[in-house]
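The same subunit A turns up in both complexes below, where it pairs with subunit B and then with subunit C.
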Partner chain A sequence: MSVTHDARIQVRSAASTAQRQAARGWPDINNPAAWIVGAILLIMPLIANGFFLIEIFATTLILGTIALSLMFLAGYGGMVSLMQLTIAGFAAYMVAVFGVSANTNISLGWPWWLAVPMALMLATIFGTLGGALAVRTEGIYTIMITLAIGAAFYYFTNQNWAIFNGHTGINTVSTPHFWGVDWRWDIPFYYVVLAVAALCYFAVDYISRAPFGLALQGVRDNPRRMAALGFNVNAHRIAAYAVASFIAGLAGVLQVWNYRQISPGSVSVGACIDVLIIAVVGGITRPIGPYIGALVFVLLRTFALDFLVRIGLDGNRFRLLIGLGFLAIVFWSSDGVIGLWQRWRQSQGRQADRPGGGHHG
Partner chain B sequence: MTRFVERHPAWALIIIIAVAVALWLIFAVWPPGLEEAVGRKRVFLNALFNGITLGGLYFLVASGFTLIFGLMRNVNLAHGSLYLFGGYVGYAISASTGSWILSFIVAFILTALVGVLLQVLVFRRMEGQDLRQTMVTIGLSIVFADLMLWACGGDFYQIQTPNWLIGPIELPLITAVKSSGEPVYLRYPLVRLVIFLASVIIGIAMWLALNRTRIGMIIRAGVDDRDILAATGVRIQIVFVLVFALGAGLAGIAGVVGGTFQSLSPGEDIRFLLASLVVVIVGGMGSIPGAALGALIIGLAEQLGSVYIPTYAIVVTFLIMVLVLALRPQGLLARR
Partner chain C sequence: MDSVAHRLSAVGAGAALELRGVTRLFGALAALTDVTITVRPGERRAVLGSNGAGKTTLFNCITGDFPPSSGTIRFFGEDVTHFPPYERIRRGLRRTYQISALFPGLTVQDNVYLACCGVSRGRFSFLRPGQNDALMHAADALVQAVHLTAVKDQRVAELAHGQQRQLEIALALAGAPRFVLFDEPAAGLSPTERAELVEILTSLPAHIGYIIIEHDMDVALRVVESVTMMHNGRIFKEGLPEEIQSDPEVQELYLGGGHE
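Presenting the complex of A and B:
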């Protein structure tokens, strides 16, 4: 039942000390590419102008964080949840309801440092309850139930006027403003988003190597054996939902600050499925995947129209492009862009090993 | 039936009382006190009939979905797209030829063909990989939705009801008694009743085909254990194609039905996908009687909910799903 109890078993069952140390270390520290990407992200405001900074990179990081919560569930827990965007949207709605907005009849007007923890707590509870419902079934049923939850929430926000203000949603949500900085200005906001995304990324990276994460991966691979070893399978799954809900909730708070409004359109079924597409296209085996997928998605969404028009096609066929790209990824690579990259690296390595093979460098 | 009563006497009693109350509500003339409390009887009866006929439509969509799932373990999330495709085909046929019946036939054949193509070209390549198949159906539903938006635009379409079905008929159900003592009977659109009857007939035909014919026996055996069935020499790929064609064709028919008494527009595909998901979760995956029961419950909950608690109608549907998942995760009528 308790996670500490599980941890003891896990440590004992680790094959060797060397292996354990490798698993405990931060794999990114020795990777120069990771340092370069980190440095570029940090000095991004010097390179990119306001449009790229917010519309491309901040949006990518927010969407990537929502998809990261799905990646955590799907990659480590084996549970494909389509309600992660719904949880993010719920957190966003809660920020708008408890905080300050133009809809004074709905918003309670709490300061942001009170509204945000409240929203995060409620979103985590909401996601955990949804997860507790979803873990009663397995595999593909999880997709169906979480999709049904997401769709029900979408229709509910459309119908409910007392809290969610129907299909117009809640507008002009105020953003935090302290220490003389308006945190919705482009550059401060970018750093806030970057900090939260980095925090979530490293948290997921850490959990995946912590006892809880290892037990979760064991549950994914063989729930029956884990249950026989004394692990509470469902408790682990629900705990995974709680973690993922918290991450999605954080991203939801950033999302409502980014657009300053929230409406049912932001939690529609199509948007829920977009999160799945982002995670799958990027690759759901490693936490970096969702961010790559989000970058691809946001770039396509922003520039597909111009691109399609330039090559003489109808610019409105952006979703067709996304759908076909998704189909291609699902068909050719079960591990998204990361998988393609790894396969390419391996084939390069094999060529280099061969005598007289092509050199690389 | 008797076994159910023996095993669950309390539930059986509750069900009998509920049925008795429902029958009294339908047939008796409501006393004035009741009408004051919950509204006119005509409103109630209309909502009830709307719910039942909507349940018929949901059954048509969900039965194909549950049949495909039951045999192939393939959660076909493109099922809503097949529904919408059938509806658009039906609209095109009925608008160009004026024949309502013909639109059903053509919609069935064309969506069944799409289903065959999907099974042969796509799903056969990734047999046994449930999750990947489901992902592919998600991708397909996005592609289909955009192609249909491209071809048909974002307008609302409604299929013309044939002349012989237009107008209401009087049903022998008293809604109220006038002050002169003359009873007022319920008037209800004929077309909805006909469609409901047709879906009942299709349901019974499916049940008979599954339980009384050789091919039905093969399909049921495949639902239980498709590997052993294949080992006994049945050409299971042909059975798969057949079932996929039937399931898709049913979705196409449902599209024409939905286009006749509601309307067709982008977004309806997701609405009906959600409806079939909830219906099969409630009724039990892979079970045709389960789909019928689930469709009836969800249709009634939606219509009665939208009359009596308008802002929370969707929550009622959702709560039913939650309740079923909490008490019987495998669905009401599933065997396992």
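Presenting the complex of A and C:
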């Protein structure tokens, strides 16, 4: 019980901070930091080599978008879903199954522009059905049901050979070629990923101030009152799962293009939980949080290994570093890195105010 | 919308709210026993009774927050006994809560805007409201009607108690209400705020009927034309305010006890 209770309180108190910047316009349009980050992301291929571009930044944006779908559900809707990676993985599998791959006995060989919409549609249906099961519960039971769906899918992919090709998965998945461009080349692929991530980010930000998003936050804060205002609370929650599933599905398509293969290891229970860690470390009150969390996670995963080997430890212990970082952030800030940043900004603001106040006196 | 209620009341066609034999059990405890009430469209009625008399349970059964264990509830002639709350609200029923049930993280304006969305087709809209959004204008008008325009961009958590009670009423008046259930709207209000509440209630359009639960007789008896007394989950007495006030049994049970 206490776990549920704590989780809900955390979501709520975090949510109220998010509302403070409740301007009706675009929140970041006057924020110079946002413009600088946007510009750096746009000119990244000039700065970063292929490794950084794909292994660090594209991977961050893909994982961040999966975590964004969790942030949408948890931050605005108060529903912690552990199946977001599963939905992304399902979309990835569907791209491989309907599209072209080396496993010709399984892949149907559809062109990408047919396979991708099909994969997105099926992933959205899958996530919506999972959501329809989960919305009948609250708190820890939502977590358990979605985790069970994730675990069931993982074991199913391991054991099913007809569609999912068992533990070997589907390999050498083909990626789009058109207008004379191989879109899996590092630079075009980076821009595709950036465009999709930006689209999802702005869509979530936009919806949060539209009636649907406001109502979702109302459902999080007081479902009973929402029903007394004429809202069908469960329908609203299920619709939120549909939106989140579509976002996770988009990220799943990018993921299978990134690695050109998909296997059960990519949809393991551990990976499902990584998405939760990413979202919480970054902060689940604002859409930027999951991307910050994903960057921290990818940097640690990539470089902690070298670092640990250099100081004479087993490189596989990088998860220990992630775990310690996770503990530290959750301990000092219930709202992840965003929360730490905001508190630092506020303390700076107070210091700046003090001499200013002197003038009046 | 409004005109439907008008027409119904004009020809006297049926009741706004009709409860027949409504019983609500919580385990072995009967919170309501065989309650039968008929309220005309536009009628304003007080429900009085001591704590535990079943007043709030009565509201919860009418809105569908808890379904009744037995009995039927008709709203403007339609049997709504098994409807979920939101279906009843969309038909023009509204309620307020004894303990304010607001959205503290959102602004006053957004709270009222949400209420307006809930009873419109725009409740699933993915588009932000524009400059000339009809629901936004409706929300502005409601905020003004409950005298909260000065604080409309403040977060509800920052409002004073009295302002939160006024907002509670605004949420119940969104859209085209035909019948409202007010659950102790004056709870915790200062005398000035009570006067303001009386003014808000008496200035409601005549076709909007309501039931009000209120312990403060000065408020309750000034804003209603009929009174239902409840005791131990049953209807104890019904009548005009002056009849109830002068009834010795009622005074014994409730008024006397309360004013000693």
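FYI, the second predicted complex is superposed on the first by the 330 of 361 C-alpha atoms of A that agree within 3 Å, B and C clash if a C-alpha of one lies under 4 Å from a C-alpha of the other, contacts with A are read in each partner's own complex, and residues count from 1 in each chain.
The criterion applied here is as follows: a contact is a pair of C-beta atoms (placed from the backbone, for glycine too) under 8 Å apart; a residue touches a chain by one contact, two chains touch by 3 or more.
Everything numeric in this text was worked out from a predicted model, so none of it was measured.
Asker: Could you tell me if A:324 is touching subunit B, subunit C, both of them or neither one (first, second, both, neither)?
Answerer: So A:324 only meets subunit B here.
Asker: So in the superposed three-chain picture, is A:161 touching just subunit B, just subunit C, both, or none of them (first/second/both/neither)?
Answerer: first
Asker: Which chain, subunit B or subunit C, is in touch with more residues of subunit A?
Answerer: Of subunit B and subunit C, the partner in contact with more residues of subunit A is B.
Asker: Quick check on the superposed pair: does A:207 touch subunit B, subunit C, both, or neither? Answer first, second, both or neither.
Answerer: second
Asker: Could you look at A:270 and tell me whether it touches subunit B, subunit C, both or neither (first, second, both, neither)?
Answerer: first
Asker: Scan A:61 for contacts with subunit B and subunit C and give back first, second, both or neither.
Answerer: Touch status of A:61: no partner.
Asker: May I ask you to decide whether A:145 touches subunit B, subunit C, both, or neither, giving the answer as first, second, both or neither?
Answerer: First partner only.
Asker: Figure out whether A:231 sits in contact with subunit B (first) or subunit C (second), or with both, or with neither.
Answerer: second
Asker: Share the list of subunit A residues that count as touching for subunit B in one structure and for subunit C in the other.
Answerer: Common interface on subunit A, subunit B vs subunit C: nothing in common.
Asker: Where on subunit B is subunit A touching in the complex?
Answerer: 73, 75, 77, 130-132, 134-136, 138-140, 142-143, 145-147, 150, 270, 274, 277-278, 280-281, 285, 310-315, 317-318, 321-322, 325-326, 329
Asker: Of all residues in subunit C, which touch subunit A in the complex?
Answerer: So the residues of subunit C in touch with subunit A come to 63, 65, 84-86, 89-90, 94-95, 97, 101-107, 110, 113-115, 117-119, 122-129, 135, 155, 157, 171, 174-175.
Asker: For a test of understanding, state which residues of subunit A touch subunit B in their complex under the given definition.
Answerer: Going by the criterion above, the answer is residues 80, 133, 136-137, 139-141, 143-145, 147-149, 151-152, 155-156, 159-162, 269-270, 273, 276-277, 280, 314, 316-317, 319-320, 322-324, 326-327, 330-331, 334.
Asker: Which residues of subunit A touch subunit C in their complex?
Answerer: Interface residues on subunit A, with respect to subunit C: 12, 15-16, 18-20, 22, 24, 206-207, 209-212, 214-215, 217-218, 221-222, 224-233, 236, 239.
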